[in-house]
Structure formats: C-alpha cells, structure tokens
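Scrolling down, you'll hit the structures one after another.
You will see two complexes here that share subunit A, one where it goes with subunit B and one where it goes with subunit C.
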Partner chain A sequence: MTTSTAEVETRLTRRISNFLYQRSRVGLALLLAPPTFWLALVYIASLSALLITAFWSVDSFTGDIEHTWTLKNFATIVGESTYQAVTLRTLGIALSVTVIDVAFALPVAFYMSKVASRGWQRFLVISMTLPLWSSYLVKAYAWRSVLSSGGILDWILTPFGIPSPGYGLEGTVITLAYLWFPFVVLPIYTALQRVPNSLIEASADLGGGTIKTIRSVVVPLIIPGIIAGSIFSFSLTLGDYIAVKIVGGATQTLGTLIFTNVGTANNLPLAAAIAFIPLGIILVYLASVKRTGALDNL
Partner chain B sequence: MQLPAIKIENLTKKFGDVTAVDGVSLEIAEGEFFSMLGPSGSGKTTVLRLIAGFEKPTSGMIRLFGEDVSNKPPFERDVNTVFQDYALFPHMSVTQNVEYGLTIRGIGKSERENLAKQALALVRLEGLADRKPSQLSGGQRQRVALARSIVVKPKVLLLDEPLGALDLKLREQMQVELKQIQRELGITFIFVTHDQDEALSLSDRVAVFNKGSIVQLGTPQDIYNKPVDHFVADFVGSSNYFDAKEAKQYFDQNAAVIVRPENIQLTESSNSGLGFSGEISEVIFLGDQNRVLVKLDTGKEIFVTEVSRAFGEQRKRGQKVTVSFDASLVSVLTR
Partner chain C sequence: MQLSRISRMVLAAITILTLLYIYMPIAVVGINSFSPSISMAWPPSGFTLEWWGKAFVSEGAMQALGTSVVVALAASAIALVLGTLLSFAIARFKFFGQQALNLMVVLPIALPGIVTGLALNNLFKSVLAWQLGMLTLIIAHATFTVVVIFNNVVARLRRQGGNLEEASSDLGADLFTTFRLITFPRIKSALFAGGLLAFALSFDEIIVTTFTAGGGVTTLPIFILNNMYRPNQAPIVAVIAIVVTILSLIPIYLAERITSRDET
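Then we have the complex of A and B:
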C-alpha cells in the first residue's frame, strides 16, 4: 500500500490537533506567545526606554547624551511657564476638537442609523470612511489651501464680513476636527445601531417628545460609543504635530515641542520628558471615564 | 349613541409598491377586548402601528373617541403599546421603567411611586422593583411592559403579539391574567396575534386579516362556527372543506361548505345505512381526543376528532366506518 504525501500530512496535522486538544494549556501558550512577545518587547520596552531617557540629560557642549540620573528635565517642564502654557493650549485644542466632533457626529450618526434608507445608509458609511484611505498629509495640505488667504473659506466668509481664521489656533482646531471625524462618528453610529427602534417608539408612545427621548433613552445607551469616539479624537489631537505645523502657523503644541526637541534642539531627554505630559493626561482621562462606569458596557 | 373608542375609516398604508393595509374600516367599542388575527404579513401589525402613531396612513382616517388622530405623533395620542420585544429601557430599573410615562406627565415623586407600586401589584411583580430588565425572565419582562403601559391610564391599550415569545404554560397563564386585568381596568384592548386559540379565548370580537384587508369580523363563535370563506375556516381551527361540487354531492348544498372535525359522527360500518362509508387510514392519539383520518369510498379524505376512549375497543387503522354529518352543523361559506 502506498501513502501519498497528502495523507501523511493529514495524519500529522491530526496528531498535532489531538495533542493540542488534550493539552489545552500548551495550545493557549502557543496562541498567546506572539502577541505577548510583541507587547512586551516592542510596546512596553520602548515605553520604558522613553521613561529612562527622560531621566538623562544632554551635554550642551558636545550634544551627547549623559547617562547620569537627573530630574532636571522634569523640573524644566513643570517649572517653566512656556511648558505650562503649551500644555494648557494643547489640552484646550484637544477638548475643542472632541466637543466639535461629538457635536457633529451625533446628528450625523443618528441620521445614518435611524432615518436613512438602507442604500443611503451604506453610501454614507462608505463616504465617512473614504477619507481614511487618503494620505493624512494630503488632507492637511488641502486644509492649508482652504484656510489660506484668498482660499475657499476666505472667499465664502469675506462677503459676510467675517475674516477667514487663517493659519493658527482656529485653523488647527478645524483641521484636526476634520481629520478625526470618522474615528468619532463610527463608534457612535455602531452604538446607535444597537439601540432597537422599539425603544425609541416606546418612549414616544409613553409621551416622550423628541428631546426627552434623546436625552433619557438614546444618549444613555450610546454613552460608551461617544466615549470611545472621544478617546480617539482626544488622544490623537494630544499627540499631533504635523497638522499643527501645516495649518497652525506659529502655534506651539506638545507635539511640536517634542518634534523641535528631537530634531532642531537635539534634546532627546527633554523630548522624552515632555512626552509624559500627554501620556499623563490620557491616563487621567481614562481613569475619570472609568469612574463614571461608562466603560462597563463596552 | 356612545362614541366608539376607535373608528377606522378606509385606512390604507403603502410601503413603496407594497400595500400593507388596503382600505380597512372598523369600529371598536369602549371596554372591548378586540383581537386582530391573521398570518404574518396580513397587515394586522401595521394597523396597530397606525393606531399607535408609529406609521402615517397613506390615506384614510383614525378616530379616537371621535377625535381625528391620523396625523398626530405617538406622544400626543392617548393610546399605549405593549411591544412584541417588550422594549424595556435596559439602563433603567423596573420602577424607573414603569415611572417613565408618569415623569413625562409631570406627576410628583410620591404619587409616581404610589401609582408604579399599584401597577406592579396588578401584574404581580411587587418584589422586583429595583431589578434591571436584564435580570428578569421573559414572563417578568412582559409584566413590566404591561405595567409601564397601563400605569399612564391610556384610553386604549395596543398589544402587539405580547405573548409570542413565552412558552406554552406561561402563555396560558398570562392569557387568563390579561383578561382579568382588562376586566378590572375596563379599558379597550386591541390585541394582535397570529395564534387563533389566543384570539378565540380572549376576545369579545375578532377581525381576521388576510392580504391587508379584514376578511371577517365577528364574535369568536361567529368566526369559528360561521366562517365566511375557506381562508377563515382554515386559519381558525381545522376543518373539512367541500367545494361547491362536493357540497352538492354530500349535502345537497349549492355553495362550498366546511364541517368542523368535532361535528362529524363515526359509527361502526355494519349498523347504519345512512351516511358515507369509508375506512380509517390514520389515528392520532392526543390524550383527551383522537384525530381520525377517514378515507371515504368516494376517495374524499375527512378528519374527525373524537373524545378518546379510556377503555374498551380503540379506533384502528383499516377499520370500516360510516361517516355521518348533522345538517345543522354544516357551515355554508358565503364567499
């Protein structure tokens, strides 16, 4: 009797399957090893490296990193008013972007999930995600031209006597709000899809008008989606520096400060220390969100 | 004359090319338990949703105690709905669910608590006030949905297959309770169901729907004993159908007839010259009764139900029998 290679293969895979079935812990270990390795080495190790670097300093004469422990960098970012101002400004931008995105996303997501016909709904979901396929840089530069003097925004607003915001804080907020909008609208849309229409009808049936229904039934049920979206817009804004460089004019944010310190100033330890500010803010944000219990239903 | 609780005139609803409700007219009296019975897609639920205000009629009119409500939003109609999926608010406790409608009506806290407690007592759910809907069984959710709707004292209560998701025992129990609650509150119930037993046992009157129209409207007895056509006879209960030609042959009638299987007599073949002889081709034992399928010598097959015999000789396949009909128990179809 001859045995074909295919049969040998089947027998071998069967034996492996049987082995793993009987020793499920080995199977589990094999399954978890690659992601654990990735998380430990690439993610946690690099974060640790960042933390360690923040406690070193730079020899101002040679530009070399001195591997001696010092709290000098942290003293600088806590003590100097420039850093405090930039932190507050970045926080303000992140909050504005989040508020604007959520405010626009709620009605859009509601229309998409509850009002639009099936075909129209599919079209809208695609058009919401389509911008994610194009390059971040292209979109930022597109806004640069929209915001430029003599640009589209200028052309629209001037007849009404309103000056175009131009490059600066407002331009940064507008551009970032545009860039992160899909990340905010999609989780809210998904959350709304999971709210059965009968709940909305039941509220109306019991006498609830549109506003009462939205406030007492719809919003409480989609809070996890709103928070998921806000985490995206908030954290992405805190770390951004490219859009700020392109449309922000002279606006400094934590991102641009890190960029300058890594590049122009060649002060990696200070940049590492600054990087801990947004990290800290995000941790505080997540902790406060967790305390409201909104993440329990995720 | 007293105003009807609901008066529907020539109501039509189209979804695109599909006509879900096709010119329905009916009147429902105050305090009546009215059922809308029909297969799925017959338009009964759409009529209910039109009365509730979740859909706008394409044409026609709905009057609630004389007032035209056809184009009013649901929150301005004095009717409430018990939904098929119960539609309880998952983020609210049982009490909060029941108090929802009262809060909207601006009723104070202490009175609200009082009314909610009464409503929960009526549906026998006193102990579960602080639970969330996810911690309740199907039957309990059903009761909360009922309490939430009746606590705001609607003039008409709409029930959309409220017992559909419950198992048989619970369903029978809830049927009795629904009937009692309706009698106690004295409000009009409009009950949508595809279950004929439910419609017959609960209702004062039944409307049988098919293809968007009412085929027959009447008391449960009328519907069962005097069905107007083959569809009603077939959908409500089981029946033996004789088309016009067969009716002439067997009953000397000029129109199609139906005979309910319990209205047919089976006797041993030898002792009677009347009736039609045949042979038993199947016996199905159902506990309290037997369903017997008889093949007549003419080739016609007939279903007969008999009270089953606890002792003595049982019906058997192949037994020769005589089938006789009581002329007064034959229903002549009018359509």
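Then we have the complex of A and C:
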C-alpha cells in the first residue's frame, strides 16, 4: 500500500498532537522554554550581574574594571555627604510629586466615577488615558518650552508679579508631577468604580453626611488604589534622569548621578552601587504596602 | 451620595482645569512649531510652515524615524512570540513557580527605567563584551515589551476559558487543527492590539534606549534629545515632537478600537 506524503504528514502531526495531549507537561515545557530562557538570560542575569559589578572597582589609570571584590563603592555611597544629600533630594522630589498627584487625582477621579454623566465619563477616561501613551520625551520637551524664559508660563505669571519657576528643582517637580499624573489618576479611578453606589447610599440612609461617608466608607475602600498610584509616581520619579536633565537645570538626582557615572565618569561599578539605592527604596516600599493588597491593583 | 450644587461645580472645575493642564504643554509645542522665532518665546510672533518643510527633508530626522520603526517592529515581533507562549503556559496550566514567572515578566517595566537600562548596559558591555548597537537595542526593547503582549493575551485566554478547545478535541481535531480553527481566530485581535501597544511603547522609549543603543544608533527620541539643546534645530524638534505624538497615538487608538469591538 502506498501512502502519499500528505497522508504521512497528517499522521505525523496527529501523532505529535496525541503525544502532547497525553503528556501535557511536555507541551507546557515547550511553551515555557523560550520566554523563560529569554527573561532569565537577559533580565535576571543582567540584574545579578549588576549586583556583582557593584562589588568591583575601576582602575583609575586604565579605566578598566578590576574584578576583585571590594566594598569600596558602598563605602563611598554611605560615607560621602554628596550621596546622602542627593538621595534625600531625590526622595523629597518623589514625595512631593506623589503628594501633588494624589491631591489632584482624588477630586478628578471622584468626579469622573461618581458625578459625571455616562458620556462625559467616557470622554474623560479616554482623555486621561491618552497622555499615558504619548511620548514621555515629547512631554518633557514640552515643559522645557513652557518653562523657558519668555515662555508661556512667564507670559501668564508676569502680569501677577510672580516669576516663572524656570529650570530647576521646582521645574523638575512640576514636570514630573505632570508626567506621572495619568499613572496615579487611573488606579484611583478604577478603585472608585469598584465602590458600589449602594454602599454610599446605605451610609447616607444611616445618617452619614457627605464628609463622614467619604471618610469612613469611600477612602478606606480606595486606599489600595491610591497606593498603587503612588507606587508608579514613586518608582518612575526615582528612575528618571532625562526629565531632570531637560528641565532641572543643575539639579542632581540619583538618576543623573548614575548616568554621569556610566558616561563621562566611566565608573560602571559605582553606578551599579548607586542604582541599588532607588532599587532598595522601591523594594522596601513594595514590601511595606504588600499587605494592603495594592499590588493587585497595578 | 447627596452632593451640594457647589461641591459638584468645584469638582467639575478641578477636573476641567486638570484636563486643560494635561493638554496645554503639547498644544504649546504644536503652536510653537508654526512660529517663525527660533526661541520658545510666547506668544508666537507670526505663522510659518518653514520648520515643517525643513523637518521632512532633514536627513537625520528621516533616518532616525526609519531606525525607530525597524527597532519597534523587530522588538514587537520577538515580544509577540515570547508573550504569547507565556500566556498559554500561565492561562492554561497550573505549575510550580507560576507566580514568580508572572512577576518576572512585569519586572523590566516595574523597576525604575534607569535600573533596567543600567543592568542591560552592564550585561552587554561588561559581561558579554558586545558592541552596543541595533541588536542590543532590539533585545532590550523586546524584553520590556513582552509584558504588554502577555497582559493582552492572558486576559483574553482567561476570559474565554478552554471549553471550545475541549469541544474541538472531543470532536476529533488534533491540537494543531484546534489551534488553527478555534484558538487562533479567537485571540487574533488580542495579539494585534498587544502588538500595536508594544510597537508604541518601543517607539517612544528613551531611558533604556540611551543605555543600550550605543553611539551609532539614533532613534527618533534620541534625535529629539540630541537636538533639543541646539538653538537652530529647536523648531524642527518641535515639529518632530508633534509627529512622534501623532504616530504613537494612532496604534493606541487602533488597539483600543480592536479591543472594545471584541468585548462588546
């Protein structure tokens, strides 16, 4: 009996299929292998290598990396006052940005989810989400234009006798608060959407006034959403250096410090050690809010 | 909840002001791109199309656009394959380490960008002793875009469940036939939407890019960054900024339409 190639092929795929069906673990392994290898080899390996590099040093003559274990970089970071000052300044910026964003996000998200009509709500959600996807660099550049001397902010503020903040620490905070606002408002909005109106009505029926209802019913329910938003604004601020360079003038943050050490200073081990400051802060923050359930809201 | 008229109006006013604040800077750049002055002074001193004309014949800008498109296409293609495989593993199986794997996908985008950038830079340059260039840039972009594909596809798979696939194999179809006739058509739009989002994410990225592209590769964001401080180039940068904004919003708009059409 002769069999055509097509038939052989069908039989072969059928056999492979049956094999995979009976041993679904093999199928799972085949599915998992490429992405796991990629993520482990590229990402986990590079994070580990970064950790190791932080314990090496750079030969001051040749500029090559010396592969001997040393705690020198960490001693530098902990010991020198510049690093403490920059860490504190970066934390201060991250905190101000987060507070500003949450302060604006709360009323806006509340209006969007509980007051606005359906159509208006849809429009607002879309217009708050769109900037999330438009270029970060373009937005930072836009603020360079807004804050420039003779720029629009100068033009608006001068009649009131207020000088424009210009490029510097204030400019950095304003720009970063602007950049991360959508990341903060959306989780809070989602959390508010999940607060059932019946619960709010029940509170009112039981005699709770507006303030009381907001304080004892709404706020406790949306805390995870607020924390989820703050994780974004915190992590993104700690990891930023481009916006700081664009609108920050001479402002130094952990990000610019890392970038300088990779580039002009050519001290990768020190940069690696500095990178562990924002990383450590974020991990501590994540661990401390884990119990609130905020991580499921990301 | 009974809100007084005044508090409703205050809330509405805050929301509208915030909305204006969100769109004002981009609008300023857009208007400035038509201003004859090369400084960023406000109000604009007139109207000209000079910069728009110059931007489209600027060789550097056009090359950068080409590079950005190639990188974004290659990175999204890799991310599509990896993200889809991973989605099937996570949504259709239960296994040890599932949670850890879930975390591993999110990590490249959840950690501060500078940490991801520095870690990859160190891996390529110091550990592997590679020259930074297109290849390293594509690998870096693929790594942080996997999560977008994964999120889209895994959500679709979870919502659909496996009933139709089971019915198909009960009726005698082998795994490949089931995939071709049942599974793939049902996740096609999630793949497409995820791919568009990955493209947009890669197209815009700057922080990880500056650490992994090396000197020879100029993407559109790098072009903007390099030319921002050059006074004669400033108006062209404004034009490119507007073009980038529009180019990255089109894929988002399409992705949004595809997903919302599928869900209703």
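To be clear about the criterion, the second predicted complex is superposed on the first by the 251 of 298 C-alpha atoms of A that agree within 3 Å, B and C clash if a C-alpha of one lies under 4 Å from a C-alpha of the other, contacts with A are read in each partner's own complex, and residues count from 1 in each chain.
The rule we apply is simple: a contact is a pair of C-beta atoms (placed from the backbone, for glycine too) under 8 Å apart; a residue touches a chain by one contact, two chains touch by 3 or more.
The structure displayed is predicted, hence computed values, not measured ones.
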Partner chain in contact with A:Trp69 - subunit B first, subunit C second, else both or neither: neither
Which of subunit B and subunit C A:Ser198 touches, first, second, both or neither: first
Superposed model, subunit A: greater residue contact from subunit B or subunit C: C
Partner chain(s) touched by A:Leu206 [first = subunit B, second = subunit C, both, neither]: first
Partner chain(s) touched by A:Leu221 [first = subunit B, second = subunit C, both, neither]: first
Subunit B versus subunit C as contact partner of A:Tyr141, first or second or both or neither: second
Set intersection of subunit A contacts, subunit C complex versus subunit B complex: 201, 203-204
Subunit A to subunit C touching residues, read off their complex: 13-14, 16-18, 20-21, 24, 27-28, 31-32, 34-36, 38-40, 42-47, 49-50, 53, 65, 104, 107-108, 110-112, 114-116, 124, 127-128, 130-131, 133-139, 141-146, 148, 150-152, 154-155, 178, 181-182, 200-201, 203-204, 210, 213, 235-236, 238-242, 246, 255, 258-259, 262, 268, 271-272, 275, 278-279, 282, 298
Residue numbers on subunit C that touch subunit A, as the complex places them: 1-4, 7-8, 10-12, 14-15, 18-19, 21-26, 28-29, 32, 39-43, 81-83, 85-86, 88-89, 93, 95, 101, 104-108, 110-116, 118-123, 125-127, 139, 142-143, 146, 169, 174-176, 197, 200, 204, 206-207, 210-211, 221, 224-225, 228, 237-238, 241-242, 244-245, 248-249, 252
Residues of subunit A touching subunit B in the complex: 196, 198-199, 201-209, 212, 216-217, 220-221
For the subunit B and subunit A complex, residues of the former touching the latter: 52-54, 73-75, 79-81, 83-85, 87-91, 100-101, 104-105, 148-149, 152
